[in-house]
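Both of the next two complexes hold chain A, though its partner changes from chain B to chain C.
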Partner chain A sequence: MKRVTNVIITVLFMFCTASWIVAAENSSKLLPLTPMGDKFTAQNYPLDGIHKKLGLSCVDCHNETKPEEYSSEMLGSCLKCHGNYETVKERTAHWGHNNNVHQSPHFENLACDVCHKSHSKPASNSNLCVQCHGQKTMKQLLVK
Partner chain B sequence: MLNMQRRKAMKTFALLGSGVALFPALEAQAKMLEKDVPRWDEEFDAIVVGSGFAGSAAMVSMMDNGLRNVLMIDKMPYLGGNSSISGGSFAISGTYIQKQDGIDDNPELHIKDTLKSGKNLNDIELVRIMAYEGLDSFNWLTTNGVKWKWVSQSGGHSVSRSHSAGAGSYIVRPLQKRIREMGGKIRMRVIMDEIVYNEKGHVIGMKVREKYEFKFDRDFDENENTTGNTKYYRANAGIILATGGWGADKKFRQQMDAKLTPTTLTTNHMGATGYTIKKLIQDDIETIDMQYIQSMHVTSADEGSFGFAYRFITRAYGYGMMINPKTGRRFVNEIVDRKNGTDAILAMNEGGTNHPILFMDSVGVKTVDIADLQRGMEADAIWQFETLDEMIAKFNINKEPFLDELKKYNEYVKSGKDADYGRVFQKYKGATITIEKPPFFAARPGPKIHHCMGGVKTTPQCLVFHKGGYTVPGLFACGEVTGGRHGYNRLGSNAVLDCILFGRKAGKSIADRYKQIVRS
Partner chain C sequence: MKKIIVITVAISFVATLILVWSGHKVVKVTGDAPFCGSCHSWDGLIAQTHMHDPIHGNANPKGVQASCTDCHLPHSSLIAYLGVKAKNGIAEGWTTLTKDPSKKDWLANRENARKNYTYDSSCLECHKGLLERASKAEFADEKSSKMHLKYINFKGTKEEMQCTSCHKLVGHKDLGETLFKQKDTRPESWDEWEKQRKEKK
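So, the complex of A and B:
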């Protein structure tokens, strides 16, 4: 009986490992819909695009001393590279007809992570403006 | 006498009031007591929960009254909740703008309109305070940096008394600035999980989670969100609840009003859940009018949220005509209040499959700001037609009776007498407007859940009632989380008045309590 249990455990272990490898391979191509795992590691929270090319590490953005305290709130660290709200406002000024996504009259200096996710690719457009402003020129502004 | 013995057993809560007894019972946990707090992580003199009109006004007010070590928290990653995205009009009589525009108005007329829409279920004392003391709060906002743009008439008000600064954010943002200038702390992504009571039953702090990550998913139950790190905040003089309504909580709103199915659309931001009100009910806080949840009929059936067509629709209720496409005829006085307008539409729209058609001609459409009109058209919520036939074809309107109805409508406008629905035709730049000159512009109104009239029962000074009939020391509430002000149905623009006025009172009350505690 004990041997049977051992075999089952071994098979389960191999199966789980195999699925984990498959998942890891996929994640190197595409970011997951939601970040994986409870533990804040670089494997569980991969990067994409320019953040990946620059080889950023966790502590480049997360200011907390303990990894278990990490959250998506960047406490302004995005602006270390992206300048300030004035800069991003100018970059998107010509999009969205007469609505600039970075110049909302509703929220002053809205936190970046409300729309932008660095460790996942949301299934739908995470542009907060679209929740109320459904005009085509706004809907077509997809969050990068 | 207070019975503060901790109730270890799970307690079943049954809602008060007729017609709600059949709803599922809410399971309640015991209250949190001081002895259950492992340590106080931080200490404040007062804490405000929620950062909309009411919470922001409460913060400024308590600092005006001498408090300094104060904190305002919001669970969302942005400030202002529904207030920030609302139309943000303030209803009051006797302002300098009304005088400039030659509008004859007074508090008694405001009370009359408010009670009529509230079916006299309002707490008359609170309504009188709003109508008579509201002007002071209006002027207080002006002093605190709010710049008013215009006054207009919204449904159910008998005169133009809705004062707009543009959007609600043009009220909360100046208040946020004032809070920061005066040294008040503001924190986002902090959610209140429990109110902490001492052995006498006084509120002395709260259990919160910092770095709370709100899940932006309309079908997600907030009770299942376990993100964030638990902390305990001491609040020496107590806390002010300004957490808003629960219009976006699909489960809870249906428990209050069974007609509100999960597919019903809402104008509310996703954060408007029942998370706090459910906790309050578990703590035996008294609630009133919970069954009254308002849907608003100025939004478009063709937009998922608040949308943009409402700018057109609100004008068209004043200067246009609304018909049932199947009959081709009008079915209501277009300028009725939200409740009656919503009920009339729900009675004819066949579960959202036969939307009404609301339209104006090229003269009427001049009452709409051009940018608002264009955005509504871009969102496929407003359409332009060069001829009536085009419009009839697009919406499959019953042609013969419709043309007859339109002819009759134009005669009514010209004679100034609506023989069918008793509508008073508004003037624009001195003249009423018929529907004759193409092109024509149309939208399809669709009611959406908008405001929770009911909530926590308070005194006029915003002290919160326990179910035992006494007020809970250290617990204050203001804004949409409270009940009693609006009765059966809230008039448009009365909420901003309610929130700012009672927010200020709550701030004053908690400052007074602080002074008492320090003295004793």
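So, the complex of A and C:
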């Protein structure tokens, strides 16, 4: 009986350790979810590319009221400037029917933050298509 | 003596009127679709995308449209307009006669066209009050005002932008898609695939 209990405790302990390691590995690229002091500065949340050039401030994009509540979904504020999904689709149509990332036959329109993470430096390379598709052309699609 | 002067003045007057009228007519005719399409039939698809454009093209539901030279020639001054027109006309005429359109990378050329052949002065010719509006306090909350203020502030600095830096899809509907399809021969449906397979045999 004692031996069985020992085995169970050991397995549980190993499981906990393993999942902690996996979580730590995967979260090392994410920004902290809970505020630790004065974390909401432009330095901690940098911008890149055209958003940086235009000198956008936090409230230019984030519709939520408090910085602690800011999310990457931003209550849909991307379309405030980027028009509608039709326009966005037209922007990437020059890659052709097979590679137009904004005209997927599988999703009608995705939330922008599924792929676009503006505060990652360099801008996130999370290409959703390659999670299933293996074509060379799709592997070359880079998220701006 | 007096008679000669009067006749000279009268003939000069009439001649000037004819010259000015015909000059104006030539400039106008060489600035719009039938003429632009005559040599540019080799990039006829691009002209067609303009015809389908619902905002600046022939598909505008209110009938308001921009002609080719309304955007693709500078409107900062008459000299600039006529000068660039003459220069481009000669250069493009030469290219039409000597080069092969099927070899040109039209998709890559879009950026060149946006940067070098579309002018801010042309946009502002119709959208006249835009920049003034951006500076007015009562319109300060409009999202366009915020961005246009940045355009104004960047002007003359090394961060200077053009209208087409942001407004990239103006005037030619589905241009990227159309140009891609022009060169792409892959089948898009099962029937097309079957047809190509049979033709290959």
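Definition applied: the second predicted complex is superposed on the first by the 98 of 144 C-alpha atoms of A that agree within 3 Å, B and C clash if a C-alpha of one lies under 4 Å from a C-alpha of the other, contacts with A are read in each partner's own complex, and residues count from 1 in each chain.
FYI, a contact is a pair of C-beta atoms (placed from the backbone, for glycine too) under 8 Å apart; a residue touches a chain by one contact, two chains touch by 3 or more.
Fair warning: this is a prediction, and the values are worked out from it, not measured in the lab.
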Determine, for the superposed arrangement built on chain A, whether chain B and chain C clash or fit.
fit
Determine, under the contact definition given at the top, whether A:94 touches first (chain B), second (chain C), both, or neither.
second
More residues of chain A are touched by which chain, chain B or chain C?
B
Please work out whether A:114 is in contact with chain B alone, chain C alone, both, or neither, and reply first, second, both or neither.
first
Output check: A:54 vs chain B and chain C. Expected answer is one of first, second, both, neither. What do you get?
second
Between chain B and chain C, whom does A:71 touch in the aligned arrangement: first, second, both, or neither?
first
Could you look at A:46 and tell me whether it touches chain B, chain C, both or neither (first, second, both, neither)?
neither
Could you state the shortest Cα distance, in Å, between chain B and chain C after the structures are superposed?
5
Intersection of chain A interface sets (partners chain B, chain C)
97-98
Chain A - residues contacting chain C, complex:
53-55, 60, 80-81, 87, 90-98, 100
Residue set of chain B touching chain A in the complex reads 77-80, 84-85, 166-170, 173, 176, 188-189, 211, 213, 216, 227, 229, 269-270, 303-308, 371, 375-376, 378-381
Contact residues on chain A for chain B in the complex?
69, 71-73, 97-99, 105-108, 110-111, 113-114, 126, 131-137
Chain A contact footprint on chain C (complex, rising order):
107, 110, 143, 146-147, 150, 159, 168-169, 174-177, 179-181, 184, 186, 188
